[in-house]
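Single-structure report; data block below.
By letter and in written order, the chains are A, B, C and D; residue numbering begins at 1 in each of them.
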Amino acid sequence: MKPTQKILTTILDEVRPLIGQGKVANYIPALAEVSNQKLGIAVFTNEGEVIKAGDAEEGFSIQSISKALSLTLAMRLYEPEEMWCRVGKEPSGQAFNSLIQLEMEQGIPRNPFINAGAIVVADMLQSRLSAPRQRLLEFVRQLCSNEHVIYDKVVANSEMQHSDRNAAIAYLMRSFGNFENDVLPVLNNYFHACSITMSCVELAKTFSYLANKGRSVISGEQIITPTQSKQVNALLATCGLYDGAGEFAYRVGMPGKSGVGGGIIAIVPGEMTIAVWSPELDKSGNSLAGTKALELLAKRIGRSIF
Amino acid sequence: MKPTQKILTTILDEVRPLIGQGKVANYIPALAEVSNQKLGIAVFTNEGEVIKAGDAEEGFSIQSISKALSLTLAMRLYEPEEMWCRVGKEPSGQAFNSLIQLEMEQGIPRNPFINAGAIVVADMLQSRLSAPRQRLLEFVRQLCSNEHVIYDKVVANSEMQHSDRNAAIAYLMRSFGNFENDVLPVLNNYFHACSITMSCVELAKTFSYLANKGRSVISGEQIITPTQSKQVNALLATCGLYDGAGEFAYRVGMPGKSGVGGGIIAIVPGEMTIAVWSPELDKSGNSLAGTKALELLAKRIGRSIF
Amino acid sequence: MKPTQKILTTILDEVRPLIGQGKVANYIPALAEVSNQKLGIAVFTNEGEVIKAGDAEEGFSIQSISKALSLTLAMRLYEPEEMWCRVGKEPSGQAFNSLIQLEMEQGIPRNPFINAGAIVVADMLQSRLSAPRQRLLEFVRQLCSNEHVIYDKVVANSEMQHSDRNAAIAYLMRSFGNFENDVLPVLNNYFHACSITMSCVELAKTFSYLANKGRSVISGEQIITPTQSKQVNALLATCGLYDGAGEFAYRVGMPGKSGVGGGIIAIVPGEMTIAVWSPELDKSGNSLAGTKALELLAKRIGRSIF
Amino acid sequence: MKPTQKILTTILDEVRPLIGQGKVANYIPALAEVSNQKLGIAVFTNEGEVIKAGDAEEGFSIQSISKALSLTLAMRLYEPEEMWCRVGKEPSGQAFNSLIQLEMEQGIPRNPFINAGAIVVADMLQSRLSAPRQRLLEFVRQLCSNEHVIYDKVVANSEMQHSDRNAAIAYLMRSFGNFENDVLPVLNNYFHACSITMSCVELAKTFSYLANKGRSVISGEQIITPTQSKQVNALLATCGLYDGAGEFAYRVGMPGKSGVGGGIIAIVPGEMTIAVWSPELDKSGNSLAGTKALELLAKRIGRSIF
């Protein structure tokens, strides 16, 4: 069955009662102030159709979802052997901001979606691009076909004020020789990437290349190779949902990436992308109602990679 | 493209040079004595067709591949809420036989495919079945439509002689209240499951239900529900290849389960199962040439879940 | 100043208000049933004088204090190089029954006073003695000059019923090759040692050799060499109080060993031994009022090794 | 027996063959360039007598020995309850620069002698002193009665250039709220303290207060209270030798503090201090020949706290 607006609306009604059972991220004021009542979903098919419901066109902070976009940009700039010696491809089995494994594994982060891995990717972009922050924004705008996508400076600056843990991660990698640039500028770029503001509709469009063998459904441009597209999806499936990746695969069965802003992007390779948004998080840091909406949608339309 | 015998033969030729670069499991004599030259592959399609090459009909010790079969049997006997409070669904990020995480997480194993998880599953079977060892064998014979599948007593007894680490795991879980029966009989059953001997062709047939929404292609019987089948595949995709699950997803892109006997079963949901066998292992304990064969086959026939 | 009965009595009065703020060990009924009101102290000087107050002549389960006695016996049977390759001499920095460090350090326990280390020592005694359980009891009776010291069979059997965690520890060491005998008989002996029942007066007498350069004050017999005596004291000072060794050194400043029965033995080398008993434990598992009594006594009589 | 110059000279001759079996610290050039042939020892008695042999008057980088001096200064400025909530008193059981335990224990370092603990102490000094770097130097000069003690700027700057690991530690503590000031100035002060240059004779004099109940033998000034002096000695005995504290207690039996410059200070409470210097380190980072010299001296003169 194909997703319809009616299905999406019904699903949002079914998951709305979950609001109140999770917890909005509150480590920075800019996130804590977002209303927990927000709830939106958007599907973008490989035919270019948008189906949506709820607050699907309201922008929110994509946070860690940006890690998949930074990785994609880095994969365009680096040979695999240059990249995968600096960051692994395995689930971490630990909290997203832990330094324990990072110390035991000599400064090589387990995968590009935990903080340490994303910070290494930001360091890679810094080394190869003359204006990495501007370039990433252009890249995202191009993927989304929307010149109005912006960094939220308030969010970025607020993150930078609470950057001690990530600074510790970066310095630890530097002590192992897995960090090439000054720590603070790289962290600043990293936080800017996290502060990108997009709506569900924009997110679903932005990630269309991962459902379409690396080619953007919007522009028709080949963003990464079909093989690279499969690889990113594989990484998302095993490592994209913090330490809830197994549960997400079990319940939803799609590659996906979540952010503490309450957004999740999920991919149905060959068919569509799905973006959801609900700010309250479960204990793994993934959107509570958002995950449930994806689970219901997967069941309703009979889609799963498994 | 469909897999053909020619494709399979070519692929075996291409991976054969890898033999000599891995290491045959040697912790028990019965495994150490297997020739490292063995190399086989078999595909079993949802239409019931067998395509095969190399040593595809020679039996070998399936070892940890049995963990997926034991899990399937347990899922038929337990409600989800009874089962998943005793074992998790997340990648462990640690070695398959580590006690570290098990202690930190109060005796609840991360997933059913690390040793601790499989031993808990064996304990569950012990609690609900009057003759669990015999019952598991019947179950496997039924899945395979082959009454001649047997436990290799020499392998099972040899494992039992080297069971200290697994005994430590079981006792640690017992100390946390996550183990219901006497340790030694459960370990004995666990090792018998690991000692099941099958060929690539038999393995591919046995697992056909996971490519066919829970229904055995051979007997037509519904082994588990379609939802359960997706769930098992999800668990295999995130946790099935020891601490090489991410790499396997990245390179092969199929749910799979490996064993230290050098076998790997991989699933293409909706289409086919693929079994490979090559005894030399990589550093994560997965068949070196076997993984490469699956990677080449995935590329050649354009199949992947991503 | 010399310790007097008046000083001891005063100190007991001062620490009695702490009763109610700790927690009696309750993992086995035989310990849980002991009255939390018990409070005793005894000093035994190198001149052979006993000074005592409170419940100083009532027997209690010495529990882990026995680890120092087993170690002493093993040091009489083994060359240092045979012994210290199987167990270390460093503080563990972890809980007394943790397997984490044991796995990371390949089955070699950090020191003889954590459970793993004491179990290795029990394994050593098993290998060298024909009747290790009987021999240890004779050894303790000789140290104490009291033929009536016994194992409390109820305690020993109760411990054996709750032995899963220690069995896990023993099997883990066996899997690393650091365990020579069958697990269960060794654990049984280990638990018997823990079940030895003695009073404060008996304990203080028993350990007199450690205050007297290895020579028993009672019998005049040289139990271990002066150097070995210093070594045992050094181990007690750095590792004798579970993960509260640093705090104990800071507050009390004497080598000591505690047990979950609420006893503590402390050594003033060259002068005296001091035994205290109060069943309620602090969060590190050391007697709450007992530690305070030692701290006050050390201050009152101006004794400390520092 | 009292230590004599002859005894010291003999001991240096006995340990000199160990030179070549250790490894000079080489993480900064200024340390790597020191000749491995240097070997010195000095005793300073509570009667004010200096006995010395070898390179006892040549200055070297005291490195982590300074942690005991910084702690002493902080103990003069802080109430115990202000201090010991920010840093613990227990052996860490881990490497001196590990972040693992620090993360697991919420940013509270185990003791003041691992890097994390010493950096917290530096942060404490920064908060209470207007010119902490100058003040520490004055304090050390006063202890030593030598106005010529200096910071080695080359060493300090070189350490600062290799400060990534320590910066990671400081930022991690800051993320847990256990760090009050800017990271870099505190690290700079910390490295300056490590760069203090003193000879064995100066070191032995400087630490005389710890052998003399808190009162400097040289100036007669009460530096810390007798109780505080015992407390520092207790901390040194359990935590002063990195993860070799247990071995040092076992072999030498004195409170001590080592530095990667190859120096060790040891205390015989009530009698004397002993400083040794030999740049080659054992695998725990303690002076190889220096430890042996202390072991031999302890045996020769029959001194030990045990």
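One rule holds in what follows: a residue touches a chain if its C-beta (ideal position, glycine included) is under 8 Å from a C-beta of that chain, and two chains touch if they have at least 3 such contacts.
As the structure is a computational prediction, the values presented were derived from the model and not from experiment.
Chemist: Looking at the contacts, which chains touch chain B and chain D alike?
Modeler: A, C
Chemist: Taking touch as defined above, what minimum step count separates chain A and chain C?
Modeler: Minimum step count, chain A to chain C: 2.
Chemist: If you average the Cα atoms per chain, which one ends up farthest from chain A?
Modeler: So the farthest one, by centre of C-alpha atoms, is C.
Chemist: Between chain C and chain D, what is the gap in Å from one C-alpha centre to the other?
Modeler: 32
Chemist: Round to the nearest whole Å and give the separation of the Cα centres of chain A and chain D.
Modeler: 48
Chemist: Could you say which residues in chain B touch two or more other chains, in rising order?
Modeler: Not one residue in chain B touches at least two other chains.
Chemist: Connecting every touching chain pair, does the picture come out as line, ring, star, complete or other?
Modeler: Topology of the interface graph: a ring, with each chain touching two neighbours.
Chemist: Throw together a list of every chain pair that touches.
Modeler: Listed in label order, the chain pairs in contact are A-B, A-D, B-C, C-D.
Chemist: For chain A, which residues are in contact with chain B within the complex?
Modeler: My answer: residues 88-94, 101, 110-111, 227, 229-231, 233-235, 237-239, 243-247, 249-250, 253, 255, 269, 299, 304-306.
Chemist: Mind listing the chain C positions that touch chain B in their complex?
Modeler: The contact residues of chain C facing chain B are 98-100, 103-104, 164-165, 167-172, 174-175, 183.
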